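What follows is a pair of complexes built around subunit A, which joins subunit B in one and subunit C in the other.
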Partner chain A sequence: MLIRPYGDTRDDGIIQFSFTLPMPYSIKAADVGKQFLEKLGFHTVGIAECKAIDPEYTLFVAYGRTDTGIDPDEVKGDYLEVEEMDYYAINGLIKEKLGRKLSVVGAAIESDAHTVGIDAIMNMKGFAGNYGLERYPEMDALNMGSQIPCAQLLRTALEREADAILVSQIVTQKNIHVQHLTQLIELLEAEGVRERFVLVVGGPRINNAFAKELGYDAGFGPRTTPLEVASFLAQEVVRRHEQA
Partner chain B sequence: MTCGGVTGTTGVRPDAATVGALYDIIAGSGVRSLAVVGLVKNAGKTTVVNALMANCPLRFGLTSLGLDGERTDHLTGLAKPSITPPKGTLVATTQGSLERSRYAMEPLEELPFHTPLGRVVIGEALGEGAVEVSGPTTLAELRLTVERLQALGADQVIVDGAINRIGSASPRVSDGVVVATGGMVGDTLDDVLETTVGAIDLLTLPGVAPVTRKLVGEHAAAGARAVAFTAGGVAHPLELATVIGEGVTVAREVERLGADTLLVGGALTQEFVDDFTRVLPPRTELRVVVRDATVLVLPPAMVGRFLRRGIRLEVLTPLRVLALTVNPFRVPQPYQPRVFFSAVAEAVGDRVPLFDVVNGFARLPEGSEADPRTSVSP
Partner chain C sequence: MNDALRLNGDLVDRARAAASAIADDIQQHIEEHTTDTTERATLRLLGIAGVNEIDVPLVNVVAEHARDLLPGGIMRPFVDLMIKTGTSAQEAAAGVAAGDLVLTEVPADRRAAAEARAVELAEEGVARIDAVRARRNELVAQTGEPLKPYVYVIVATGNIYEDAAQAQAAARAGADVIAVIRTTAQSLLDYVPFGETTEGFGGTYATQENFRLMRAALDEVGEELGRYIRLCNYASGLCMPEIATMGALERLDMMLNDSMYGIIFRNINMQRTFVDQYLSRLINARAGIIINTGEDNYLTTADAFEKGYTVVSSDFINEAFALRANLEPWQIGLGHAFEINPQTPDQVVYQIADAQLVRQLFPGYPLKYMPPTKYMPGDIFQGHIIDGMFNFTGIFTGQEIMLLGMLTEALHTPLLQDRYLSIKNAKYVFKSCRDLAGEVTYKPGGMIEQRANDQLLKATEQLEHVRDISLFKALEDGEFADVKRDPQGGRGFEGVFKITPDYFNPFFAALREGRMCGAPEGPAPGGAASATEGGH
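Take a look at the complex of A and B:
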């Protein structure tokens, strides 16, 4: 079924906008903002706020209406479908089926200095009411931190005989971080050890289809909880263990 | 040659004569598994793949190391060409992608490979509509997928690449390579040319002489990580689990032994080359042998550092780079096609045939027959 944005009433298609144009504020600024939104296909546009935030820039807050709808059922999954387990079930699965601790190494690689993502998933205190992987008694989790060269991450994973490598990456506009993500994969393949590891990538601009494109086994986007990652790791490592 | 097919929804129509000239090179090479690798996203890989399938009278098999044929690029938001394989084309893709192309493909068999988008499925294209192609995740699985496509009757398997990865060009996967470069490779024309020339330098590194192959081949096949060879062909295996991070150790061993040849069985990284060339005494006569060019996980400039130190870098299995395709596209403004093509042609030189399959330019190495309609001189 097609749905539209809910503004004041259901299906009225009204959206609120906030944007900045690189022009000095003047008497005609409101019309510029209005016509811009009309060019985008919105109608019944109202400019609620229009003011200078700098001599060269004008900020707009506006409303506009769209006739476009979307059917959520037609949007096909770029999401990893993992059967989410609880903390105790995950530890139990590893203990029973793997018979040893699940070893995982995580890092933000190369020039990426953002630790917030990898910390949320790995650090003991966790995130969103979930414990991080370090808290799991059946996991041997090492968070290497940020700016870890791919080569160092690989060496550590080999030394610890890790089952899984977690990479956290802010993918930037210039896309240099994409090159780091593919570089890690090329390195693992060149070393002939790609099959040894479950490779997981996470970050604000990552989704599961993009993880596939990059050469990873799973991708997690914004709002991912440690439970989702831990559920996937336990199930995937156990699956591979049983297949071997 | 059957001609005339439209590729994609972005309105790009390949020039049939130019595609024909590219096809002749591929057909004449005897290559049955062709990797198309891009130096960057939006280098024009998919356009080349579409053009070949639409214009050449073969039963193609198609798979991808990445994800192709989705409507817009996840990262750049740019519209991507859709993939429209002719009827009968065998396509190895994932369940997730198959679902999005269900009216254009008839599933034939399922392969036992897991990907983030589900299992890998081989289907037969119905010749009506676009498909999304995303194959297996690892190179080992990719090799098996290629074999399966051939067994099911594909005359020519095309492996579309992923982003900027060159892994699918590995002789483990494919026996020939088409490299795609374009305006998106760098911020300026100079950047584009430097990166393109560097990549071609790297991908066309020379193979070892038969005598060296005899010396190192067995050790490489056995999976040795690092072996130094001294005069008379005496092998000294280094006790290392990997050479990654061990540039200093390896250089000291080479110096201590007075080795003239070093086999590196895995990856060669920038960090290794940095450490190795820093520690190794100047004017060391050394030949470094690696498996093939895809194990060089480093900027092409690092190869130059070896050469300047008098170290020769050679590969056990050279890649067969059949062609370089050139795409003037960039954001926000494309390059003028003829100017761009000529600039790349001049920079790359005579080493590899060059094609712009959309604008109809080709430059074949000296002595080969070119279709006069499509040939331009830079």
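Take a look at the complex of A and C:
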């Protein structure tokens, strides 16, 4: 069934906008904003605010309606479907099925100096009320921090006989993250060890489909909790272990 | 009025005494060592600039060439070479880079002459910094001094020309301080890139030419607005004192310049960082630059509610190091942050307690208050309100440098309109709550007073513990930000040298002697009576 944005009546198709145009404010600015939205296919456009934020730039806040609809059932994608478990169930699964600690190494790689993502998932303290992987008694988790060269990450993963590698990429300007992520895959493949690890990437511009496209096993986007990552790791490592 | 909260004065004295002892212990280490970047900064202070044919800065070429001489200080051999060859500092450096000139130990009979000349050159170098500082004073007097709190925003496009345009737009919208975020990983470069740059990742290279371009853009817009617009960058990373030198010469007004940030968050060797922060701060002190410390970062890794006191401890330590590097209190922008989880009941009550505590502990210091980042949501509307509460806490507790939060903090580097909306948010809150703090008093023994004294007690206990085990050991144990560092590990350790008994560097004395005092003064915009808004 087609649905449209819901403003205050079903199917009214109301969307709010805010954007800046690189033009000085003038008496006709509101019409420029309005016609721009009409060109995008919106109708019944209302300019709520239109003012100079600088001599050279004008800010618009506007509303418009669309007749375009979408059917959610038609949207298909490569979504990571993980059965979310709780902390105790995860530890229990590892202990029972793997029979040893699950070893995981994580880092923000290459020039990325931001630890916020990897810390949220791995640090003892965790994030959003969830413990980080370091807290899991059945995991041997090492957070290497930021700016870790791919080669060093791999060396550490091999030394620790890691089951999984977690990579965080926060900085995405000019797609630098794609370059780094590709570099890691190429290194793993060149060394012939890609299949040894469950390879996971997380970051604000990452989703599962994109991660798979790059050659990773899974990708996690914003708002991911440690529990989601831990659930995936435990299930995937156990699955591979049972297959082997 | 600085007794809004009744704090335990004995604890304040104990905390300060412990921080002082901690800094004295490290200061001894500092005075027994030099680093490659300290020596390179010395060469920059002589006026050497430029790069060789493969873009390596001449100061790096010279320091590398004379690596064996660095423990005695680069100045004596370098000035001796200038005298022998009749060259200027720049010519001598170029000669060394070309392989035409060679630096050697200075024979005993040439030492006195080299040293006397070096002292003169150091005085000339420092005079160049003084002239820049005098120029700032003159410009502030002419164009006008903004009201406090300063509205501080960031630009980070990677392209210095784009940065300049965005900075001018931000100033027109109300910003008083523009910080140019550095490209990611510049802190780990062991050299300072040269020339203007238009490419960066998540920021723009700090180069002397970029400093100059941005300075010119801000002077231009400041004149238009009748407010002196301050420029901020980062004297941090592996080239801390070199960047301080460049900032001093290009009239930066603020520098992120923390005594421990690089150790904890960039894994730069701690022995090196302490040595480097000393010269960088002496330079900032001379140049009339306000330093900003980075305690806010602790709360992005450790929890702000539980570990808020580590910010207070670290502020005391940064204060102690800063005073030892000749900075005046008005130049010491100690950092703290609004990072308690917004889901916490009474979050703002606790934030007020923490912010008011720091305010009262460091009267006369231009505190740098950092906005929420860790828990900022993708829901920008909610984020805008959280930023509003940050602004409220800032004005209510009399913070002086407000780094504004952006509603899109969780999403991307700020769009032009984000910065504008954020400035509007802050200006509204500052104006509408300007006199609130003077109208209310804190409940004696209430939640705020209790939290503040509790944080003060924990900070004091931590400082005394750190004093007992030494700061090196405390950093090894992860006392700050839950990050553990090895005194022999981290980046740049190979560039730390124990100095020889006859180490010679006349800049240390020259930077201290006859320094100008006091902050620049100018007319308040719009004839406002008070130069400060808000706070008790």
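Just so it is clear, the second predicted complex is superposed on the first by the 241 of 244 C-alpha atoms of A that agree within 3 Å, B and C clash if a C-alpha of one lies under 4 Å from a C-alpha of the other, contacts with A are read in each partner's own complex, and residues count from 1 in each chain.
Note that a residue touches a chain if its C-beta (ideal position, glycine included) is under 8 Å from a C-beta of that chain, and two chains touch if they have at least 3 such contacts.
Because the structure is a prediction, the values reported are computed rather than measured.
When the two complexes are overlaid on subunit A, subunit B and subunit C sit side by side with no clash. In the superposition on chain A, A:E189 makes contact with subunit B only, while subunit C stays out of contact range.
When the two complexes are overlaid on their common chain A, residue A:C50 makes contact with neither subunit B nor subunit C. Contact with subunit C, but none with subunit B, is seen for A:P204 once the two complexes are overlaid on the shared chain.
In the superposition on chain A, no contact is made by A:A107 with either subunit B or subunit C. Measured by the number of subunit A residues touched, the leading partner among subunit B and subunit C is B. Subunit B and subunit C, viewed from the C-alpha centre of subunit A in the overlaid structures, lie at an angle of 100 degrees when rounded to the nearest 10.
In the superposed pair of complexes, A:V171 makes contact with subunit B and with subunit C alike. Contacts of A:L233 after superposition: neither subunit B nor subunit C is touched.
By the touch criterion defined above, A:L133 reaches neither subunit B nor subunit C.
When the two structures are aligned on their common chain, the gap between the nearest CA atoms of subunit B and subunit C comes to 11 Å.
Looking at subunit A, you'll find residues 171 touch subunit B in one structure and subunit C in the other.
Put simply, subunit A touches subunit B in their complex at residues 76-78, 80, 149-152, 154-155, 158, 171, 175, 178-179, 182-183, 185-187, 189-192, 194-195, 205, 207-219, 239. The residues of subunit C lying in touch with subunit A in their complex are 158, 168-169, 172-173, 184-185, 187-188, 199-202, 265-267, 300-303, 374, 378, 410-411, 413, 415-417, 420, 482-483. Those residues of subunit A lying in contact with subunit C across their complex are 18-20, 53-57, 59, 111-116, 119, 123-125, 145, 147, 171, 173-174, 176, 204, 222-223. Across the complex, subunit B meets subunit A through its residues 41, 65-67, 70, 74-76, 94, 96, 99-100, 114-117, 134, 137-140, 162-167, 170, 223, 241-242, 244-245, 266-269, 271-272, 291, 294-297.
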